[in-house]
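Pasting a structure here, questions to come.
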Amino acid sequence: MNSATLFGFCSAAIVGLGLFGLIVSPHPLRRILAFNLLGSGVFLFFGVVARRGAAAGLGADPVPQALVITGIVVAFSATALAVALVLRLFALTDEAAPTSEADPKAGAEGGHS
Amino acid sequence: MSSFLLVSAVLVLASIAIGLVRILYSRQAADCMMAAQLVGTGGIAVLLLVAVATETAPTGDVALMLALLAAFASVAFVGGMRGTGSKATEGADK
Amino acid sequence: MSGLLHAFTILAVSAGVVFFIAGTVGLVRFPDVPTRLHALTKADNVGLGLVVLGLLPYTGGLLGALKLVSVWLLTLLSGAIVTQLIARAVR
Amino acid sequence: MALVFDIGIVSLLIAIGAWMIMARDTLVAVIIFVVYGLLMSIAWVRLSAVDVALTEAAIGSGITGMLLLSAAARLRQTEGAGARPSFPVCVAAGSLCALISAGLAGVVLLPADVAPTLAPLAVANLADTGLENPVAGVLFAYRALDTLLEKVVLLLALLGVWSLGSDRAWGGAPALGAYVPPNDILVFFAQVLPPIGIVFAAYMTWTGASHPGGAFQGGTVLAVMWLLVMMAGVARAPPISSTKVRWLLVAGPALFLAVGFLGFVIAAGFLAYPVDYAKALIVLIEIALALSIGVTLALLAAGPPERTLQP
């Protein structure tokens, strides 16, 4: 058991947890969180692949590392868009029905983009 | 020396974990922010200790980045709280 | 000389770890927010400060040492701000 | 001993991840997410991926945490919207996810005779780019098209966020920092930290050519500093119709694209650099990109326009 394998197991567990959260979370913001968790698990998996590909005097293969950096930035932009959608959605449902609670069904659809 | 530094890192990590448990039975949002702050500083300490112990690539920059951004969670939190007019003493764990 | 440096590192880092653990215990055990903040700042400022002090001989050069010290100074600044923000939000 | 530390950090990551999913309160879940990002950057250092650790520290816990925390605080009232699915559905979903995790763990365990790697190739051709950081070499030379398109994705996401504002507010400014009293401690912070942050961002961008770092990390630090200034009310968010802002947004990608087309004339083709000027061109692109990334990320986090323009 070396540490790359250990982090590999960690990434597998985190992907499972993120997916579970994505399915069962009721609040759209929680789904965005779960989506980010799932993403970071996948990134960690790439990290393990990079670590195993250590060669030529480098501690890790640079190509998966570059992919992960790109992925983290794109995941942020998707998260920002999703959060803006959720905020707009709740603002609209509040306007439409100022006395009642925000409509959960409508909220559930816009959680992730 | 390196194993001493690693033991220190594990100890700080353990104290972070205990500090996180604080959030579990906390009634106030302020406590959560305190725990986050503790993890921020503790994380920087762990990073520095591990980097020196395992002689990995220079990680001073990562520690600097974490130190620079450590306060932003709290700033966003307090700003958001003010925006909604709610108080940090309200129950965080209903 | 090297033995003396080793002893210095062990002493400073151990003291730093003790402060971290003490701060955590305070965070968990103290009764209200201001006292918990007090415990937190000890772990933040003194704990990290001592760890940084102990690691200074191993940074390999002036630039590395400078980086380490600025890490500590930045944490001092942001720690002070954050505790103020939390204390005011609670009041 | 290092393995003990790794076991510690891995179990902490998994426990925090599970807690993030299970926590009842959304605000608590988001605070845990910030903590998770921080620990994740330590994990990246352990995987010898310092560039990724820097990105994760800046984006994963820094700016994403900021965005989600303010959103969670604003959505405090909607807590409890929707209900958890029934118990059997949870069990089914849980077993499905456990199956996927087990499959992935199997892939991790699968013995590979020779681990696939492009590291020797990346190092062998690095001299032609003039760079010393292989990750920067991949980002700006070998896979430059990916990086260019990623910038376009960021701009598209920003267009998406802007178009979510109400019709009345179109062309206006995001409503950041509307609640800060004067002489607040936050104002002091927003006056002291940004100069330090800007110096650090410049250092990050500059050092990226030879050491871990680069335009992404530097740009993110710039974005966070600008967000702090806006949140503290020191400088209000600019209206999205501002020409200056729009020029800054496209400066990086436009320069990247221009150099890319220039490659047809002075080098082998699109996005190719002449060997003698490769490093100078790449550093120039990185500086422009860092500025553009800073503005784009900050405006993405600031959200759609809500304040209408003053006539």
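Letters A, B, C and D name the chains as they come in the text, with residue numbers starting at 1 for each one.
Here is the rule we use: contacts are C-beta pairs under 8 Å (C-beta built on N, C-alpha and C of every residue); 3 or more make two chains touch, one makes a residue touch a chain.
Not measured: the values here are computed from a predicted model.
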Most contacts overall join chains A-D
For the pair subunit A and subunit D, the C-alpha centroid-to-centroid distance in angstrom is 13
In whole angstrom, the CA-centroid distance of subunit A from subunit C equals 32
Here the gap between subunit C and subunit D, centre to centre from mean Cα coordinates and rounded to Å, is 28
The positions of subunit D in contact with two or more other chains are 2, 46, 48, 63, 67, 71-72, 74, 77, 79, 186, 189, 193, 196
In subunit A, the residues touching two or more other chains are 59
Shared-interface residues of subunit B (touching two or more other chains) are 16, 33, 35, 56-58, 61, 64, 68, 71, 75, 78, 81
Chain-chain contacts, ordered by label, are A-D, B-C, B-D, C-D
Note: in the complex, subunit C contacts subunit D through residues 74, 77-78, 81, 84-85, 88
In their shared complex, subunit B is touched by residues of subunit D numbered 1-2, 4-5, 8-9, 12, 15-16, 24-25, 27-28, 31-32, 34-35, 38-39, 41-42, 45-46, 48, 50, 53-54, 57-58, 61-63, 65-67, 69-74, 76-77, 79, 177-180, 186, 189, 193, 196-197, 200, 204, 207, 211-213, 217, 221, 224, 228, 231
Given the complex, residues on subunit B that touch subunit C span 1, 4-5, 8, 11-12, 15-16, 18-19, 21-22, 28, 30-31, 33-35, 37-38, 41-42, 44-45, 48-49, 52, 58, 60-61, 63-64, 67-68, 70-71, 74-75, 78, 81, 87-89
Seen from subunit B, its contact residues with subunit D in the complex are 2-3, 6-7, 9-10, 13-14, 16-17, 20, 23, 29, 32-33, 35-36, 39-40, 43, 46-47, 50-51, 53-54, 56-59, 61-62, 64-66, 68-69, 71-73, 75-84, 86, 92-94
Contacts from subunit A onto subunit D in the complex sit at residues 1-21, 23-27, 29-30, 32-34, 36-37, 40-41, 43-45, 47-63, 65-70, 72-74, 76-81, 83-88, 90, 101-105, 107-108
